[in-house]
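Dumping the structure here so I can ask a few things about it.
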Amino acid sequence: ATGGGSSTSPSSSAGSPVASSSGSQTSSASATATAAPPTVKIGSAGFYEVKIVAEIYAEALEAKGYKVDRVGIGLGTRDVTNPALESGQIDLEPEYIGSELAAYDPGKQTGDPQENLTNLQAVLATKGGGITVLPFSPAADQNAFVVRPETASQFNLKTLSDTTAVQDQLKWGLATDCKTNPVCAAALKSAYGLQPKNVTYLSACDTPMAQALLSKTIDVGELCSTQPDISKNGWTVLQDDKQTQPADNIAPLVRNDLLAKMPDQDAFEAVLNAVSAKLTTAALTQLNAAFTFDNKDVNDIAAGWLKDNGLDH
Amino acid sequence: MSGPAATVEFQDVTKRYDPGTQGPGAVNDLSFAVPAGRICVLVGPSGCGKTTSLKMVNRLIEPTAGRILLDGVDVTSRELTELRRGIGYVIQQVGLFPHQTIGQNVAVVPRLLGWDAGRRRERADELLGLVGLEPARYRDRFPSQLSGGERQRVGVARALAADPPLMLMDEPFGAVDPIVRERLQNEFLRLQEHLAKTILFVTHDIDEAIKMGDLVAVMQAGGRLAQFGPPDDLLAHPASDFVARFVGSDRGLKRLSLSRIRDVQLQAVPTARPGDPAAPVRQAVQADPFPYLLLVDEANHPLGWLDEADLPADGPLDAEEAIAMSPLLNPETTLKDALAMMVEADVQAGVVVDGTGSLLGIVTFESIGQAQRAPAA
Amino acid sequence: MSGPAATVEFQDVTKRYDPGTQGPGAVNDLSFAVPAGRICVLVGPSGCGKTTSLKMVNRLIEPTAGRILLDGVDVTSRELTELRRGIGYVIQQVGLFPHQTIGQNVAVVPRLLGWDAGRRRERADELLGLVGLEPARYRDRFPSQLSGGERQRVGVARALAADPPLMLMDEPFGAVDPIVRERLQNEFLRLQEHLAKTILFVTHDIDEAIKMGDLVAVMQAGGRLAQFGPPDDLLAHPASDFVARFVGSDRGLKRLSLSRIRDVQLQAVPTARPGDPAAPVRQAVQADPFPYLLLVDEANHPLGWLDEADLPADGPLDAEEAIAMSPLLNPETTLKDALAMMVEADVQAGVVVDGTGSLLGIVTFESIGQAQRAPAA
Amino acid sequence: MDWGWILDHLDDLAFRTAQHLYLTAIALAIGLAISFALALLAVRRRSLYPPIAGLASIVFTIPSLALFAAFVSITGISVWTAEIPLILYTFVMYVRNIVAGFDSVPPEVREAADGMGYGRLARLWRIELPLAVPLIIAGIRVAAVSTIGLVTITGILGDRFGGLGFFIFEGIARGYFATEMLLGAVPSIVLALLVDRALVLLQRRLTPWAHPARPGSAPEPAAA
Amino acid sequence: MGFVSAAVAWFADAANWSGPGGIPQRLLEHVLVSGLAMIIALAIVLPLGLWIGHRRRGAAVAVGLAGLGRAVPTLAAIAIVLPITAAYDPQLGFKLYPVVLAMILLAAPPILVNAYTGIVEVDPDLVEAARGMGMTGPQVLGRVELPLALPVVIGGIRSATVQVIATATLGSIFGFGGLGRFLIDGIANHDTGQIFGGVVLVAALALVAEAGLAGLQRVLAPARGG
């Protein structure tokens, strides 16, 4: 089912596989400490990939006996998630460190994930009473510019540089925030001399973009590297040969005050880090496919992955 | 169940809807007084200010100048809702509350006065009975389920609910057809005999005014009082050309409808029975100014006329010879109807009998005309 | 501008709104015929089927059974719109189109008939003049800017526009007050003298029916024809109790309003001039059955009555002695008004004069009553 | 259609339907309360009607997308982020109908009430309000159907909102997964039609006088 | 009021006024889509409403259709239609048809209901007078019923227009241009000025359209005198 149980619900739906906010928590191991650990309020943006990751963290924590409130999973955009985290409406949120850094400090993001993490931690240390960026996972989800194979062969495209000459013969699908996003319009222009004329703006990495590419509304689409549509449709990812796209590895952001209240802070972080360590880009792609192709539910996908990786107990 | 009745007095009442203008208002300097227990009808052409005058009494409209006294007390000195709850009000469009049952509609004022449910219901049933609507059948219906005439009755019942000393009725029978209207008028007059309320009654129909009013105020454009007095006065002595035209060219006949045979001095007539000897009878007839003899039976029931000229010289009188009877009148027949019947039958005299059919006397065109000279009862 | 006129005939016409039921319909077996150029009034209580009958003529309602013939042709055999454009139609609520000017309203049917603008305008102006509305003043106004009476006139003008041989009028004067209504009635009768249309006219007012109709069809509940005939017939010989009640207890007097003094055989009366010697005059009066003498001047204008009994034995007659004049009647006075005046003045005879004021003769109660025996003109 | 998928998600359907109703009901109830006050103000002071109605219609021209987004930055992830715009949108439908409802009270009824001595408040509550009910409910019907549609758009605010709209958004995210989109759309349509129907029945209950048990009128009784 | 100054700044920026994504083009796109949807909706539904009103029959059909139309969430309408039309026409089927179809669905109910009620509520006496004078059905409708119902009929069109203009913005989620672009892009870019500027443009367009129709209404329904 969905990650929708929350305080807006008039009643928790009996029999729902998802526990609504308070409650049906199945603690297995009883890591009994002096004081009971506080409930962890988890959130995420509305994009399904990050919702799945958030759900994985949540279930992993529950498996270790922590109380979890999925109050903010699927909140929408950073407009909502960042203030929510800063104001303490949520305590924990998986984020793409490159893009998150760009949201706070545009232009600072680079292709090096460690550098991104360091810079992000510097920014967040002072936000909302202090926020910690835990170690990032190997899983990264980069912006990827994708074409259909026949387009690739027609114009002989392998890299983004190849598109510069034929840019006006192509219909582009770019992110809605492209014009102001430094790694999009600005980077494309400076690195590749790309100033596309025929553009459809859609939310990047999202279904409408894939649909547009599929139905030939566009020829080049800004998708995400983990988006399962790419492999499913046999599309070609144009190589970002000038390295314009930031390293967008996933890392959990946690409020310091939550960490402070944890009876055993290290144990708590260990649960999260264990998950992060096992998440890979390939895994993300599979998780996404389970969602978009198999129409599985977020919590089932998360539970399946935890089980497969032995993190479910 | 005769309740209290109030006196009403208009003193130089003027109403100007647009106070800026100096021209004549909707009502101008209206003054008249209605004694307790009487029906006063305001009548006049459309727009002459009848409704305006009426509404100033329960202060739905406030006068620009002048005073209206209820039992001698200026209405403006009374608390508004209390004043209104003490005045029955029937409006032309009836104005029943469509969302309330007939029973609830009738009990509106009692409810406002805080009567308990039992008493309200009892009163509503009583009133429905009074206006001729069987309570069990009508109590729980909604106004939309009633005919126009029935609604008018409910309107009257509702106004009577708190037994108010004064009723204001604005064209209460205006919305129904003439036949139903006539019945409602008669029923209401019968009711008023018991109730003896003071009633201000608005109509634009002069016939209705004459029929319903103890007093009639004829108004003319600009809300001016053209004449005020009993109906008979209006018909006998219209104060102006306007009133004369308004009451109609046949006002002489209308006046006749105000008087009944019992108001007229009946004339004696020579009578005889079949078989009576002719000779003494002829002498009696010739002595009498009326040139006919009325044949009656033993019970004094009229049988027919014999012409003085046709009386046999002698021998018994024969019923076969009698001229077909002219219409029989009774003391309650209006003079107008009597005249109509006499004209219709082409006779010079109407025979008046009592309830048992016994002869009381005769009326002639002359005696009807003379009755007009004396003020009608 | 007298146009064509049509004959109308109802043949066993029945209308049942709910064809499922077998009970009496809204109209039942209605049969009557109206000759060309006559006004036939349908009258009866509310809901008796008058409007239904009327609408079956222009097929706004289709009869369940029976036929209606227009100039001998079944209306159902005629093309619908063509039939309707040839029949003038005035409805109770007037039904002027609020979004069109008076001129446009009047010219609706001419426009439907495809007349050009100039001709339409000319016709509209002509008709407005005909109904007494100055075209220049009214042509470009909207209906909301007219009084009720003016609107009724426009409604009549509109129905006349295409000079239809038949007019249907459903309570055309129902929505105005009695004074305006009377004026409209008179105007319309005057108009009809020239137009001589065939007219079916609905009303629920028996007085209007008597006044307007050459023929009157009295209908009763269930759309049954209670009586059909000239107004005088109805009043003189009501066919049933229902009709008698419907025409009213004063039908004898109503009937009088149908006849005028000119229809009555005037009686001669002995006359004399002031200064005439008394002796020969007295002889003449005594020979006459009427016990009064009428004093006239040189121009034969009546001056006053002298009582036979009061005549001086001899010497000249003195105008000073004359009894105040009874009301003067003229040949156009209705008998009802004459009677009313005579009753009012308490006299036995009315003096009839011509247009110049010269004596024509007298009428008495007897002569009025006798006029009733003969069918009215 | 993937019926199996639907069967697997009936519990979610129940939950989202309840959420949908809950979001709708709050907006309708609060909107009605505020609109009623505004309408009364407009009825009492006619000069206030044009500005009130004008403002309500201007609010109505603001795209829901923008209004929801605007309240995200004010009210965060609270339920008011969804409710305030929903409430604002109801005004235009409510106020117009409530005012029309009061205007529909026949003047003679109002006059009869005055003439019988009703005070202002008593007249309002006992006479005018009941008679305005048909039009007020007509307003609630339009507002309800429209709000039920708008609630789906609150899904843009994240999984905590949206009611049945959640399925539409998630179905889109799954690559236009028709089964799931329809699982959102069809129940939402049915819900709107059912609520509409329920309001019609409510109106019948509240206004028995408008539906005479016996159509037509009884014959006149014989004179007493 | 930061968003006001942001919007003012946005409007003041000349760059926002030119080019493919400029205000004039977005406005034109929005007007075209709204106009197209309104014209199609009017062409289908107005005659239907007028006819049902004229016949005074089929009210249940009109009310039922309108209720159904109102009940369909616009978002769902777009999302369900999109994959189907996009398969046929990659360009218009993706960006245009779904929005237009959803807007037709949105516009139809108020137009239908108002056309129907407007006609039905014309005083039946006037209709009868017209028929009695020999007008044919279409003449009654065209010369009497429609002119008298015009305020109500146009009222429905006005309400539909406002709703369509405001709601067509949803299409931008799916790649349609129009003024919704400013909202979607503004939200994505955290650009308050752009969001609020877009709102102002949408509201202004709606109000201008409404005022225009009100004017039309006055022209078409001339004074009836006092």
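By written order: A, B, C, D and E. Residues from 1 in each chain.
Heads up, the rule we're going with is that a contact is a pair of C-beta atoms (placed from the backbone, for glycine too) under 8 Å apart; a residue touches a chain by one contact, two chains touch by 3 or more.
In this text, all values refer to a predicted model and were calculated from it rather than measured experimentally.
Path length between chain C and chain E in the touching-chain graph (shortest route): 1. Think of each touching pair as a link: the shortest run of links from chain D to chain E has 1 of them.
Using mean Cα coordinates as chain centres, the one most removed from chain D is C. Its C-alpha atoms superposed on chain C, chain B is turned by 180 degrees; the angle is given in steps of 5. The interface with the greater number of C-beta contacts, when A-D is set against A-E, is A-D.
Chain-level centrality, scored on Cα centres against the all-protein Cα centre, points to D.
The mean-CA centres of chain B and chain C are about 28 angstrom from one another, to the nearest whole unit.
Each chain gets a centre from the mean of its Cα atoms; for chain A and chain C, those two points are 96 Å apart. The mean-CA centres of chain B and chain E are about 64 angstrom from one another, to the nearest whole unit. As a whole-number value, the distance joining the C-alpha centres of chain A and chain B reads 94 Å.
Residue positions of chain C touching 2 or more other chains: none. Counting only residues that touch two or more partner chains, chain A has 79, 208, 211. Touching of two or more other chains is recorded for residues 69, 172, 176 of chain D. Contacting chain pairs (ordered by label): A-D, A-E, B-C, B-D, C-E, D-E. Remark: chain E residues 3, 67-68, 70-77, 79-80, 82-83, 162-163, 165-167, 169-170, 173, 180, 183-184, 187, 195-196, 198-199, 202-203, 206-207, 210 touch chain D in the complex. Here chain C touches chain E in the complex through residues 55, 58, 60, 80-87, 89, 91-93, 95-99, 108-109, 112, 141-145, 158, 168, going by the rule given at the top. By the touch rule above, chain D contacts chain B in their complex via residues 106, 108-109, 111-119, 122, 127, 130-131, 133, 207-210, 212-214, 217-221, 223-224. Residue ranges on chain D touching chain E, taken from their complex, read 57-58, 60-66, 69-70, 142, 145-146, 148-149, 152-153, 155, 165, 168, 171-172, 176, 178, 181-182, 184-185, 188-193, 196.
On the chain C side of its complex with chain B, the touching residues are 45-46, 177-180, 204-206, 246, 249-253, 255-256, 336-337, 339-348, 365-366, 368-370, 372-373.
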